[in-house]
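Two complexes, one shared chain (chain A), two partners (chain B, chain C).
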Partner chain A sequence: MLDTLLSAVVFGVVLASIIAIAAMGFTIQFGLTNVLNLAYGGVMTIGGYAAYLAVAHGISAWYGLVLGAVAGSVVMLAVGHGLLRRFATRGTKVFEMMMVTLGLGLVIDYSLQAISRNNISQFTVLQSAPLHLGPVTVTPTQVIVTAIGLAIFLGLEALLRMTRIGKALRAMAADPSLARACGIKTRRIVIFTWLLSGALCGLAGVVYIINSQSIGYSTGELFLSLVIAAAILGGAGSPAGAVLAALLMGIVTQVVSAYGNASYSTAAGFGILVVVLLSRPSAVLTKGANEELALS
Partner chain B sequence: MKAVQLKAAALVGAVALAVSACGSTNSGTSTNGGGGSSGKYPLTVAGVIAITGASDFEGQNQAGGILPAIYAINKAGGVLGHKLVYKGVDTRADPADALPAVQQMLATTSHLVMVAGPGSNSAPTIVPVLNAARIPMTAVAGESAFDQTTDKYFWRLFPPDAANGVAMALWAKQKGFTRVATVFGTDTGSQGDKPGVIAGLQALHIQVVFNINLTPDQPTYLSSVHRLMAAHPQVVMTESDAATAGTFFGELKQLGGLVPIIGTEATFTAPWITAVRGALGSSFQRTFTSLITSPSATTPAVTAYEQAVTADKSQVPKPWQSYLNNPFSITYWDGMVVMALAMVAAHSVVPSVFDNYVTQVSNPGPGKVKVYTYAQGVRELAAGKHIQYFGASGLIDFNRYHNSFGNEEAVASAASGSQPVALGTITAKQIEAVPVTGVP
Partner chain C sequence: MSAWSFYISTLVVYFAVDLLSGVAINVQYGYAGVVNLALIVFQSFGAYIAAATTLGPGTGAGAFQQYIFGANLPYPIPLLLATLGGAALAAVVGLFSLRRMRRDYQGAVLLIVSLIALQVVTGDVPLFNGSNGLTGVPKPLGWLNLGLQSYQWAYAVWSSSSQALSTPVSATSRGLTGAARCGRCATRRTPPSRSVSTRPC
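Now for the complex of A and B:
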């Protein structure tokens, strides 16, 4: 009984690592720009495909991780700075912008569906014999995925707290007008945010397919609801909050799978979101529809 | 000015009348039964199936069988002098999309003689509509609700889900398995097939030691995999979408819990095999078995099918070779040939007329000449013979509920690609002998 619980918690941490990488990227970008970017899942898939193509051409999976991050950055910059900023300058509001990103996400999805001919492609990398840690059996892949998640969290916290650009980013997220008045070059910060968010998004796509061992056109889109839930639960703009929320959702999901009906596990994960928001509505109300977009 | 307006109104009215006359499905064919007294207009065969979306492989499977059938029939002179044309109607495997698409099809399609499909997800919604419209259909839907249907225009050459499930259970018993785990996706198709598997196992007194439903497309199923391993099954019986299966069985292998896998017929598709083979690597070949509808032997009907697919390869979705052994495509081929022969036997292309001739040209009977191709059937009918079309899928013998299914074959997948490698046969008689209960 205890073994099962222990295994479920460990598996929950693995799942949380995948959710957290994506949720950290999402929450930083949402916290700063106020854009609830529903094209995020599509960009994740693009990052995954970049790594898939790299590995298919004989490039190491480790470089595939880097390429996925680069692809995510480039696409996210094109989306955010190239396209969404134009909508913002024309007076597009928060809700309308969300609809724009929804449409954009569908464009990406259906384009990938056409290109991939709706095939599921295999991505079997970094496989080796399982590790037996007491009563828990895990694979080296899962250890790697968790380590990547942890490294990204620590790196991101260091960036935000110990570097000038990180401090500027936090300042702008708190109050863009005041940040601008203090001489912070907000346009550069926004560009940096799109790049950073895109890199994490692309990286999350690669980590996801390393764990699931396959990629299809809708890979990121199917994962998006978990990512948004973790970002909202953790509080917009808070990577640490996103990680905690991901841990909560991941562990609840896996414990429900271990002890109850697995088909209710995802529902239970989202149930946590509802319960927390009932008791702590400020988690979402910190970013509301009345806020202005901050894209330049 | 007024005269011009009147003329315009009259013209619009005339055009509207003409359009409505052409657009009415039944009026176009019913008045021209018997071969068409007003010219040899083309007859429309509508493929009501998922053409786009996540289940677009259903449309590909259909195209892989129905287009070669239409090619072969037209090459043989058509049906009573009429050429056949195919019209795809996209259901996206969703009843909400399927219903308006079919209603539009019925309202706008000229000389619609039959429907190929519908598939599992949309069949419960679409079959009553087509039946009310008196359009014969060759459904590829396994729902047990159709096992004893009284819908006159419903024809199923495909085994009901329970038959496939019973065959899986019989195969497991033959292999000496006594402890089974069932792993099914929560999608409609998988859940539709699951009761048949469970009922088959129960009827044969095989213990289900673990039973799980998987929400599709999750990033990990580790806890479920862990629970399955703890139950120590000897074999897993399964159906889910390709991505879910790839993730689940990949994790099962990684954690060292891989056991033999017996899949439903729906698992024997190129996407599923590609995904799971990729996850299992070299273990896939010796681990995976699927039970599929299959002919017991190579017949001239199989040869005719293969020749037509090859000849029409530029028209079917790529890769055309995948349809040579695709049980779904073969079923659509047989359905089309049976309907065309029924039209010839009835001397009519009116659906409500030739629908009565379907069993006359397909079921075995005393004095009937066995035919294997459409052209051969037409020749024998012209010679005044009674015929029995023996299909590429084997014997066709519709019961009073318009269901016909033959033997099931246990197959592995070839080392590369998705060609089946025969392992053994479960006969229709064996399946019917299993007293299955509790299948909805």
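Now for the complex of A and C:
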């Protein structure tokens, strides 16, 4: 009984690592630009496909991770700086921008569906014999996934707190016009944010398909609900909050999956967001005081 | 000729159905300013209720389709139940999604609701037969004993005339939300807009 719970918690932490990588990218982007980017799931899938193609051409999965991150950041920069900025300069507001990204996400998804001919492809890399840690059996892939998640979190926190550009990013997320007045080159910070969040997004896509061992055109889109829920729950712009929310949601999802009906596990993970919205709405909702888009 | 008749009557039916859901989203978005990206969830919930209350008892595992409840109620009771079911679901979802929050947050929360509903329905097959959906739902106007073509047209007329029902509904909401708007806008920074259907408050 306790062993089942322990396994469920460990699997929850693995799932949380994947949600957290994506949610950290999402929350940084959302916190700084105020764009609730629903095309994020599509970019995740693109990152996944980049790694899939790399591995299919005989490149190591480790380079696949890097390629996925690079593909994610390039596409995200094109989306954010190339497209969304143009909408913002023509006066598109927060909500309309969300609808733009929703449409863009559909374009990406269905283009991928056409290119992949609606196939779900297998992606089995980094596999070896499972490890027995006391009562819990984990695969090396799961250990790798969790380690990547932890490394990304620590790296991101260090970047945001110790480097000049990280501090500038946090300053701009807090108050764009004040940051500009202080001589921060906000345009560069926005470009940096698109690149950084895109890299995290692409990486999350690769990590996700490494764990699920398959990729299809809707991979990212189906995962996006958990990512957005974690980012909103953790508070916009807070990677630590996103990680905490991801842990909570990942563990609840896996515990429900272990003890109850697996089809309701994702719904249960989302249930946390509902409970928080019902009980302490101020914890989530006061974050959105500033409703201006910041894209240049 | 009969192909055209079938084609056009089908379009009329779809038009009436979409008009009805269009009125629903106009009441929500136009009058109340609610960004409901989960509208289709309520529409499908009503459809599933109508199916589960007309298909007769579910025959359990091994049957060609499985669903919960399973009753054999005569029309229009299933339609009433579907309407009430949609409203009840909206009340539950509204509990957490109609908080005072930014509109893009609200849109995201409701979008998540729709994705979760999709996962529950496709994942939990005994609920409403999963991604295969339910077929063989009895026709509401089956008692007319019409042929395929005539039934199409009868249904087209009937579904269009159900629009008449929605007019008093939207008129009432206009009055209600007009009153509510005055209270709500006083506490918000955005000024109330005159053209309610295009620029919600």
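A few notes on this one:
Rule of thumb we're sticking to: the second predicted complex is superposed on the first by the 288 of 296 C-alpha atoms of A that agree within 3 Å, B and C clash if a C-alpha of one lies under 4 Å from a C-alpha of the other, contacts with A are read in each partner's own complex, and residues count from 1 in each chain.
In this section, a contact is a pair of C-beta atoms (placed from the backbone, for glycine too) under 8 Å apart; a residue touches a chain by one contact, two chains touch by 3 or more.
Just so we're clear, the structure is a prediction, and the values are computed from it rather than from any experiment.
When both complexes are overlaid on chain A, chain B and chain C end up clashing with each other.
Residue contacts after overlaying the shared chain place A:262 against chain B and chain C alike. Judged by the touch definition given at the top, the superposed model places A:273 against chain C, while chain B stays out of reach. Legend: residue contacts after superposition of the two complexes on their common chain; A:94 is shown touching chain C, with no touch to chain B.
By the touch criterion defined above, A:222 lies against chain B and chain C together after alignment on the C-alpha atoms of chain A.
After overlaying the two complexes on the shared chain, residue contacts for A:213 are found with chain B alone; chain C is out of touch. For chain A, the partner touching the most residues, choosing from chain B and chain C, is B.
Contacts of A:73 after superposition: neither chain B nor chain C is touched.
In the superposition on chain A, A:14 makes contact with chain B only, not with chain C.
In the superposition on chain A, A:197 makes contact with neither chain B nor chain C. Residues 222, 261-263, 266 of chain A lie in contact with chain B in one complex and with chain C in the other. Those residues of chain B that touch chain A in the complex are listed here as 54, 56-57, 186, 212-215, 217-224, 226-227, 230, 242-243, 246-247, 250-251, 254-256, 271, 274-275, 277-279, 281. The part of chain A that touches chain C in the complex is made up of residues 36, 38, 94-95, 97-98, 102, 222, 224-225, 228-229, 232, 261-264, 266-267, 270, 273-274, 277-278, 281, 284-285, 288, 291.
Taken in their complex, chain A has these residues touching chain B: 4, 7-8, 11-12, 14-15, 18-19, 118-124, 127, 129-130, 137, 139, 141-142, 208, 211-214, 216, 218-219, 222-223, 226, 254-255, 257-258, 261-263, 265-266. For chain C in complex with chain A, the residues that touch the partner chain are 35, 37, 95-97, 99-105, 107-109, 111-112, 115-116, 119-120, 122-124.
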